[in-house]
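Next up: the structures, one after another.
Both of the next two complexes hold chain A, though its partner changes from chain B to chain C.
Moving on to the complex of A and B:
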C-alpha cells in the first residue's frame, strides 16, 4: 500500500467510524452479552449467584421437546410463507410489469401493507378475524358459511397466521421482483422470439435467467426475516392456542421474560443467530460476487 | 428480377395519430441485398421490425415465400434478425448463443454441431465458442450475432444497422465480409442503415425512406445518378452535394440560369421562373477563364481529406457555397480567384415546390 492509498483509507475509516461505534454499542454489545449469558445459569437475583455452566444450556435447549416443537413450527411457517409469498409475488410482479397505465397507483396500493407496523397489522387482523365481532365471519355468514374460529383453533391458527404474514409481506416480494423484471432489457426477448422461442421458453430462458440473482437475494432476505417473526405472534396468538403457533423467536421471548430462564433463552438465541448466519453466508457471498 | 420472395403491400404503422410508416410497398427477390436507407426516425427500422413480426402493422400485408405472414408470430415467420446492439443472450456462451434457435427447433445434436462448426469457421469465431458475450469485443459480438442468424436457414436475413456500433476500420472490414457472405449464400438480405456509403457499396437495390414514406427504390448507381428528389440528391452524397436555387430567364430558344450565368437548351424548364439544380462536387473542375461555360469563384475554405481536397467557394450570384473536389497537390489557397467548369449533362433540375426532379 502506498502513501496515497493509506491516506485514502484513513480518510474512509474516519467517515465510517461514527456508524461503526454506534452499531457496536447497540448491536454488538447485546450480542456479546447474550453469548456470555448463554454460558451461565442466570438468576436475575444477584450477580454473584450466576453460575458458569459451560454448554449445559445448549444441551438442554437441543434436547428440549418444546424447543424441537417450535423449531418444527418455525420451519414449516418459514417454508410456507416464503414459498407462497414468492409464488404470489412473482405472479403479481409479472402481471404488473405488463401494466403501463396507473403503474404508480398500483405500486402505492401494494406498498401500504409494507408501510404498516407489524403490531398494527396484527391488531387490525385480530379485529377482522374476531369470531363474533369480526368482519370476516360476518362476510362469510352472508353466503351461509358458519363462523370460523380463525385464531382459536390450533389448526386454523397456524394457517391464519401464515395468511396474515403473506398479506403483510407479499408486497416486499412484489416490489423487489418487479424492480428486477423492469430491469430486463427488451432485446433478448426479441432475439428469442425471432429465434423461435414461445412464451414459456422465453420465460424459462430469458426471464428466469435474468432474474436469478434477484430471486436468490429476495428469497434469502425474506427467509431471514420470516425466521425472526415475532411481533405478529405476540399480538395475534401469543404462540397459541396451546403451542400451535409457537415460533422460535416467540418461544425464546417466553422462556426469557415469562419463564425467566435467561441463560437458556440466551443459548437458544445464539443457536438462532448461528442458523441465520449460515443462511446469510451464501447471500453475502453472492452479493460480493455480483460486485465484481 | 428473379423470383419474388418478399412482398410488402401498403404497410402502414401508426402510434395513435402518429404515422411512422406510411403505405410502404415493395418486392424483394430471393437473392437480393436490399437496403432500407434513410435518416433516423424515417421508419426504416420499424419497417424491418414489421417484416420480422416484432412490431405489429396497422394496415397492409406482408407476403413471404408465397405465404401471407402478416399476422404470424415472429417465431413462426422463419426470419433471422441481427440487432443493432447485438442482443446476445448474456448468460449463454457463444456456442449456446449460436445453437439456441436450433435447439428450440429440436434439430438433432449432430446437425447442430455441424452447423456451428460451419458458421464458426465462416466467421472465424472458433476460438470464442466457450466465452460469454461479456468477454467479447464489439467486433466479435457482431460476428456472433451474425452467426446466430446464419446457423438457421431463414427465408430472409434481416439486419438492423448491424455495423453502426463498430469503429470505422472494423466497419469497412465487416462490410466487405457481408458482401461476400451474401454472394456466397445467395439469400435475401434486408439491411437497414442510415449510412449512405454502406448502402452504395453493399446493396443490389436501395430503398430510400423519409418520414415514413418510400422516396425512391433503385440500384445504387441509378439512385445516385438519377435522384427522384432533392432529399435523395442530398442524402446520397459523400460528403455533400451542391443544391442551389436559381431564377430562370427565357432567351430566344435558350434558357438562362442566373446563378450559374449560363444559357442552356432545355424545353422542360421554359415555363418556370425559379428552380433548384444540383451538381455533384466531383463533376466540377477548375478551368481556364476563357471557358465559356464556367463560373468565376472565390475560394472560401479548403478541407484537406488526405487523398483530396474539398474546396468550398463563393460564386457571384448565390449566397450559397459551391463545393468541389480537387487533387491534393493543387496549388491553391483561400481567397484565390478561380474558374469552375462543368458539363451541362451533369446538371439535374428540381421543381421549386415539390422538390421533385424535372425530367
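Moving on to the complex of A and C:
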C-alpha cells in the first residue's frame, strides 16, 4: 500500500467513524449488556441480590417446556406468514407490474396497511373479529354461515393471527418485489419470445433469475421481522387462548417485565439472536454470491 | 438609567421566582379519574404555586416507564399512582417513601379510607406507603328491568321454586343465568371476560371468593386445590360454554362490556365504574336498566390504585402537598361528583352525592366487603400463571384439577421465592 492509498483509507475511515461509533453505542452496547445479564440472576428489585450464575439461565431456558412451546409456535408462525406473504405478494407484484393505468392509486391502496401502526392494526381487527358485534361475522351471517369464534378457539386464533399479519405485512413484499420486477430489462423477454419460449419458461428462466437477489433480501428482512412479532400478539391475544399464540418475543417480554426475571429473559433473547443469525447466515452467503 | 434599573429588577425578580417554583411530574393512566384531576389542577397551582405535569399513557406503558426512574438515585417523577399489582414489587425494591411521618406531622386522617382499600393500596405491614387513589373493585351488574318483569318473576318461581330478585346467593345467581339464557335469540345469561391473562384471572377470583374459597392461608400455603376452588372453576367453565356468547374465552373487559351494554346479556361481573358507561346513551342501549350489586355469596374482588412518593422523588415535600390536596375531602368529593371512583368513606356518606348517585349505598357495601388478591413481589407473574392455566381449562386443554394444582404449586413457589413461606 503506497502513501496515497494509505491516506485515502485514513480519510475514508474518518468519514465512516462517526457512523461506526454511533452504531456501536446504539446496537452493540445493548447486545453486550444483554449477553452479560444472561449470566446473572438479575433483578431490578435489588441489585445487591444479582449474582453470577454462569450458564444456568441458558440451561433453564432450553429445558423449559414453555420456551420450547413458544419456539415451536414461533417457527410455525414465521414459516406460514413468510410463505403466504411471499406467494401472495409475488402474485400481486407480477399483476401490478403489467398494469399501465392508475398504477399509483393501486400502490397507495396497497401501502395503507403498511402505514398503520401494528397496535392500531391489532385494535381494528379485534373490533372486526368480535363474534357478536364485529363486522366479519355479520358479513358471513348474510350468506348463512354461523358465527366464527375467531380468537377464542386455539386453532382459529393461530390462523387468525397469521391472517392479520399477512393483511398487514403483505404490502411490504409487494413493494420490494415490484421494485425488483420493474428493474428487469425488456430485451431478454423479447429475445425469449422470438426463440419461442412460453410464458412459464419466461417466468422461470428470466423473471426468477433476475429476481433471485431481490427475493432473497425480501425474505430475509421479512423473516427477521416475523421472528420479532410482538405487538400484534400483545394487542390481540396476549398469547392465548391457553398458549396457542404465545410467540417467543412476547414470552421473553413477559419473563422480563412481568416475571421480573431479566437474566432468564436475556438468555432467551441471546438464544433467539443466535437462531436468527443461523437462519440468515446461509441467506447472506447466497446473496453475496449472487451479487458477485 | 432609572428605566434600566427597573427592568433589571423586574428581570431578577422573574428569575428568582422561576428558580423557586416547583413543577411536579407524574406518570398517569389514561382513565377518567386522571382527566377529572387534570381539570382541578389549576386550583392546586393557584393555592400553592406548584405546577403539576402529567404524562398520560396506557396502563401497559406505565410500569416500563416508571421502573428506570425508580431505580435512579434521582428519578424523573415526584409522585406516582401505584396499582395494587405493583405494591409487593415496589415495597420489596424500596421504591416507595414511607408516609407515616408526614401523615402524623400534618394530622392527615387515614381512617376515612375503607379498611379493604387501605390494606390493598395504603399500608404494607405497619407502614403507610400510599393513600388510596381510586378503586376498581368488581361487582355484579344485572338487568334489573328483567328481574322486575312480572312474567319473568312468575316463570322463574314456577321453574326454580324461588323468587326472582336481586341475587344474594351464588346458586341463586347461577339459576338466574340459566333462566335468562336464550341463545337461539342471541341473548345470554352472562358474558365473561375470559381473555388472557389479567381479565380471566381477575374475573375468576370473584368466583373463587363467591364459592367461599381463598388463595392462601396466613402462612401462604396455597388453598387452590380446595373443593371450593374446583367448584368455582367448574362454574366458570360452565358459564362460558353453556350460558355465554361464543368468543368469551378471548374477551377483554371492553369487549365483554359491549355485549352487555348492547343489551345482549343478563349479567356481567365487572369493575364497578362501568355503571357510568352503562348509563351513557352514547355507549349503551341499557341506560338505567343495569343494577350494580356486590358479588353474591361470599364477596368479590377488590382492586385499587394508591398515591405514592418514590424514594427517588426530586421534590418529596411538594409531592406530599399535592397528595394532601388531591385527597382532601373537598377535592375527593368534587372528583366523585364528576364520576370518579372514590376511596374515602365520607364521600359515600355525603348526602349530595347519595342524592346524585343512587348506587352509592350498594357501592359502599361492595367496597367494604371486597376481598384482596394476593399482594406480593410476584403478583403480576402469578396473574400470568393463573391466566394461562384458567384459559387452558376453559378451552378444554387442561383438566380443571390439574390447572388448579399448577396454580397452587406456582403460588407457593413464588411466595417462597419472595420469602413469604
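Throughout what follows, the second predicted complex is superposed on the first by the 281 of 292 C-alpha atoms of A that agree within 3 Å, B and C clash if a C-alpha of one lies under 4 Å from a C-alpha of the other, contacts with A are read in each partner's own complex, and residues count from 1 in each chain.
Going forward, a contact is a pair of C-beta atoms (placed from the backbone, for glycine too) under 8 Å apart; a residue touches a chain by one contact, two chains touch by 3 or more.
Quick caveat: nothing in here was measured; it's all calculated off a predicted structure.
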- Message: Taking chain A as the common reference, can chain B and chain C both be placed on it without clashing, or not? Answer clash or fit.
- Response: fit
- Of the partners chain B and chain C, which touch A:158 in the superposed model: first, second, both, neither? neither
- Message: A:209 in the overlay: touching chain B, chain C, both, or neither? Say first, second, both or neither.
- Response: first
- Message: On the chain A superposition, what angle, as a multiple of 10 degrees, is formed at chain A by the C-alpha centres of chain B and chain C?
- Response: 150
- Query: Which partner does A:39 reach: the first (chain B), the second (chain C), both, or neither?
  - Reply: neither
- Message: By the touch definition at the top of the document, which applies to A:251: first (chain B), second (chain C), both, or neither?
- Response: neither
- Message: Quick check on the superposed pair: does A:188 touch chain B, chain C, both, or neither? Answer first, second, both or neither.
- Response: first
- Message: With both complexes overlaid on chain A, does A:201 touch chain B (first), chain C (second), both or neither?
- Response: first
- Message: Rounded to whole Å, what minimum CA distance do you find between chain B and chain C in the overlaid structures?
- Response: 53
- Query: Of all residues in chain A, which touch chain C in the complex?
  - Reply: 44-47, 126, 130-133, 147, 149-154, 157, 234, 237-243, 254, 257-260
- Task: Sort out for me which residues of chain B touch chain A in the complex.
- Result: 52-54, 73-75, 79-81, 83, 85, 87-91, 100-101, 104-105, 148, 152
- Item | chain C residues within the chain A interface of the complex | 60, 63-64, 67, 71, 89, 92-94, 186, 194-197, 245-251, 255, 258-259, 262, 264, 377-378, 380-381, 383-384, 387-388, 391-392, 394-395, 397-398
- Interfacial residue positions of chain A with respect to chain B in the complex: 185, 187-188, 190-198, 201, 205-206, 209-210
